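Listed after this line are the structures, all set down as C-alpha cells.
Two complexes come next, and they have one chain in common, chain A, joined by chain B in the first and chain C in the second.
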Partner chain A sequence: MVKLAGALLIMAAGTLIGFAQAARYAARPRQIRELIHALKRLETEISYGQTPLPEALARVGAALADPLRHIFLRAAARLAERRETTAEACWTGAVEAVWPDTAMRAGEKEALLRLGASLGCSDRPDQLKHVRLAMVHLEAEEAAAREEQRKYERMCRSLGVLGAALVVILMV
Partner chain B sequence: MNIEVSAIFQIAGIGIIVAMIHTVLKQMGKEDMAHWVTVIGFVVVLFMVVRLLNDLFREIRAIFLFQ
Partner chain C sequence: MRLKQLYDWLPDALCDVLDRLPGPVTEQLEEIRIRQDRPLEIVYGTESSFVTPAGAVTADPGPAWRPDRGLCRALLERITRHSLYAVEEELRSGYITVSGGHRIGLAGRAVLENGTVRRLRDITGFNVRIARERIGCSAPVMPAIVDPAAKTIRHTLIVSPPQQGKTTLLRDVARAVSAGDWRHPAAAGWRGRKVGIVDERSEIAACENGVPTFDLGPRCDVLDACPKAEGMMMLIRSMSPEVIAVDEIGRPEDAAALREALHAGVRVVATAHASGIDDVLSRPVLRELAGEGLFRVYVILSRTGGRVAHRVVTAEEVLAGRFGRQAVRSGAAPRDAPPGWAMRPFAGPQAGVPGH
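Right after this comes the complex of A and B.
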C-alpha cells in the first residue's frame, strides 16, 4: 500500500516536472512576442507622443501581462526616484531584477540591455533606430525560440513521464 | 521462485522504458544523449544480473563443495 502511494507520488512528480519544462519552452516565444509589441508601443510613445521616458515606460508597462510588466514599471519607478545617475542604470537594474521570473534567455537580455544604453540619452531618430534594432534582434530570437518549442516541448513531456516510470521500476 | 520472476519482469520493464526514451531522444535529434541513456540502462541491468549470478555461484559452491 505504501509502495503504491510512493510510486504514484513519483509518477506525479516526474510528470509535473516534464510539463513545467514544456511550459517554459512554450512561454518563451510568447513572452518575446509580447516584448516586441511593447517595444512597438514604446516606439510610438517616443516618435508621436514625445512622452517623457518615465511616463512612457509606465504607460507601456501598464498594458502588459505579468512578468514583463514589472520590467517597464520598475524601470519607470527607478527613473522617477532620481537616485541613479543614468536611464541606462535604471533600465539595466530593472531588467536584471525581473529577468529570473521570465522564461527568456541570454540573447533577449543582451538585446534589451543594448537598447537601454541608448534610451533617453540621444535624439529621437537615434533612439527610434535603436528600438527598431532591438525589435529586429528579438524577432530573430523569436523564430529560434519557436523552432526550439516545436522540437523540445513534446520531448520534455514524454521524458518526464518515462523517467518517472523508470525510477519507479528501478525502486520496486 | 517469486523473487527471480519479479527480477526478470523488472529487467524487462527497464528495457522497455529505456527503449522508449531512446526513441524519443533520437526522434528529437539528440543521438548522443540517447546513446548515453542506453548505456546507463545497460549498466544498471548488468549490475542486477551480476547480483543474480552471484547468488547462483554461491548456491553451486554450497552444493558441490560441501561448505
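Right after this comes the complex of A and C.
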C-alpha cells in the first residue's frame, strides 16, 4: 500500500517536472513575440507621438502581460523619479531585476540591453533604427526558440513521465 | 520656489555645488553657465564669477569646479526628459525651456541638412537662464504707454540688449493690462482688457500642461510654443484679444502679422533685441515698422548696478529724429545701414491706424 502511494507520488512529480520544463520551452517564443509587439508600439510612440521616454515606456508597459510589463513599468518609474542619471542605467536596472521571472535567455537580454544603450539619446530616425535592429535580433531568437520548442517540448513531457516510470520500475 | 523647480532638472552633483553658494548670490542668480571640462560660471546681479567645488565665488578660473562629460550628458538627458527625439524642434532653435519658464540655451556641433541646421549634437555648453517674476515692475512704464482716448494701451515696443529684463517687463505689462492695473490718473474705473500672448519660447507664461505658472492676470489667453506670426493670426481669428503680447519680433513674417493685428484693431506690445532706437532703425524689419509709425511708444531698457532704468520714446520723436543718441552703441549696426534713416521716403503713418 505504502509502495503504491510512493510510486504514485514519484509518477506525479516526474510528470510535473517534465511539464514545467516543457512550459518553459513554450513560454520563451511567446514572450519574445510579445516583446516584439511591445517594441513595435514603442516605435509608434517615438515616431508619431514623439512621446517623451518615461511616458512612452509606461504606455507600452501598461498594455503588456506579466512578467514583461514590469520591465517597461519599472524603467518608466525610475526615469520619472529623476534620481538616476541616464536612461541606459534605468533600463539596464529594470531588465536585470525582471529577467529571472521571464523564460527568456541571454540572446534576448543582450538585444534589450543594447537597445537600452541608445534609448533616448539620438534623433528620431536613429532611435527607430535601433528599435528595428532590436526587433530583427529578437525575431532571429524567436525562430530559434520555436525550433527548440518543436524539438524539446514534447520530449520533455514524455521524458518526465518515462523517467518517473523508470524510477518506479527500479523500485519495484 | 522657481529655483527649486529648476533644481529638479539639474544633476545632483551640480545642485550640490549650487546649494553651497552664498545666500545673496543665490537670490540674485541669473545665469548658470555649464561648459564641459571648463570652469562653472554664474552670472548674478551685474557680476559674473566662477564657482569652486565648495560653493565660493571667485574671479580666478583656476580653482573653479569643472563639470565633466558624464555631468553634461546627465544634464542633457534630464532637460530633454531622456528623449532627444522628442525635442528636435527645440534642438534646432538651440534652447529648451523647462518647467518654471527657465530657458536653457545649448551649444554644440550643428548637424546640417541641405545647408540648414537640422539639430545640434555633441552638446557641451549650457546656459541656464533663470526666469524671475517681478510683479509690479511695469508700474513706472504703464502711465507712458496707456492710451486714455481708447482706454487701452498704445502699440508698444520694448527694446533692450539681452538680459536686461525685456521678457520680465513684457510679462508684467500683460498682467497689468489683463488685471486692469493701469497706474494712470485717467484710468480709474477702467476694466482690464483681454490679452492674448503668443509664447513661442514658453518664457512669458511658462505654461505647464497649458496653464500659465506666472501671474498674468485674469484675462490672459496663452498660445504656448506657437510660432509668433502664425500665433498672432490664430489669436486674432479665434480669441478676439484686445491686446496681443509677443516676445522678440524681427522676422519679416512677424511684421506682416503685426500689421494684420493693427488693422484688426488689436493693440500690440512686443519686444525686440536692440540697444537703442538707432539699433531698431538699423534692423530691416523693425526699421520698416518704425517708418510706418506702427509702434506708438518705444520703451528702452538699460540696467546699471542691478537697477533697471527705462526711457520712453514716442513714435513722433522717432519719426522726427528727435530720439537722442544712445549712450551705448551696439557694434551690431550694419555698415550699409542708410546713414540718415529719417531721410528715407517713408509712406508716412498709415491712415486708419488706431491710436493716432
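Keep in mind that, in the parts below, the second predicted complex is superposed on the first by the 172 of 172 C-alpha atoms of A that agree within 3 Å, B and C clash if a C-alpha of one lies under 4 Å from a C-alpha of the other, contacts with A are read in each partner's own complex, and residues count from 1 in each chain.
In this text, a residue touches a chain if its C-beta (ideal position, glycine included) is under 8 Å from a C-beta of that chain, and two chains touch if they have at least 3 such contacts.
Just so you know, these numbers come straight off a predicted model, no measurement behind them.
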Item checked: Residue contacts with chain A in the superposition, chain B compared against chain C -> C
Item checked: First, second, both or neither for A:169, with chain B first and chain C second -> first
Notebook entry, point to check: Taking the superposition as given, does A:20 touch the first partner, chain B, the second, chain C, both, or neither?
Noted result: neither
Next item on the list: Look at A:152 in the shared chain and tell me whether it touches chain B only, chain C only, both, or neither; answer first, second, both or neither.
Entry: first
Item checked: Touching partner for A:136 - first (chain B), second (chain C), both, neither -> neither
Check: Taking the superposition as given, does A:79 touch the first partner, chain B, the second, chain C, both, or neither?
Finding: second
Item checked: Contact residues of chain A, present in both the chain B and the chain C interface -> none
Note to self: Going by the contact rule set out above, which residues of chain B touch chain A in the complex?
What the structure shows: 6, 10, 13-14, 17-18, 20-21, 24-25, 27-29, 41, 44
Check: Where on chain C does chain A make contact in their complex?
Finding: 8, 11, 70, 73-74, 77-78, 80-86, 88, 119
Margin query: Which stretch or stretches of chain A touch chain C in the complex?
Written below: 46, 50-54, 56, 79, 82, 85-87, 90, 119-124, 126-127
Notebook entry, point to check: Within the complex, which stretch of chain A touches chain B?
Noted result: 151-152, 155, 158-159, 162-163, 165-166, 169-170, 172
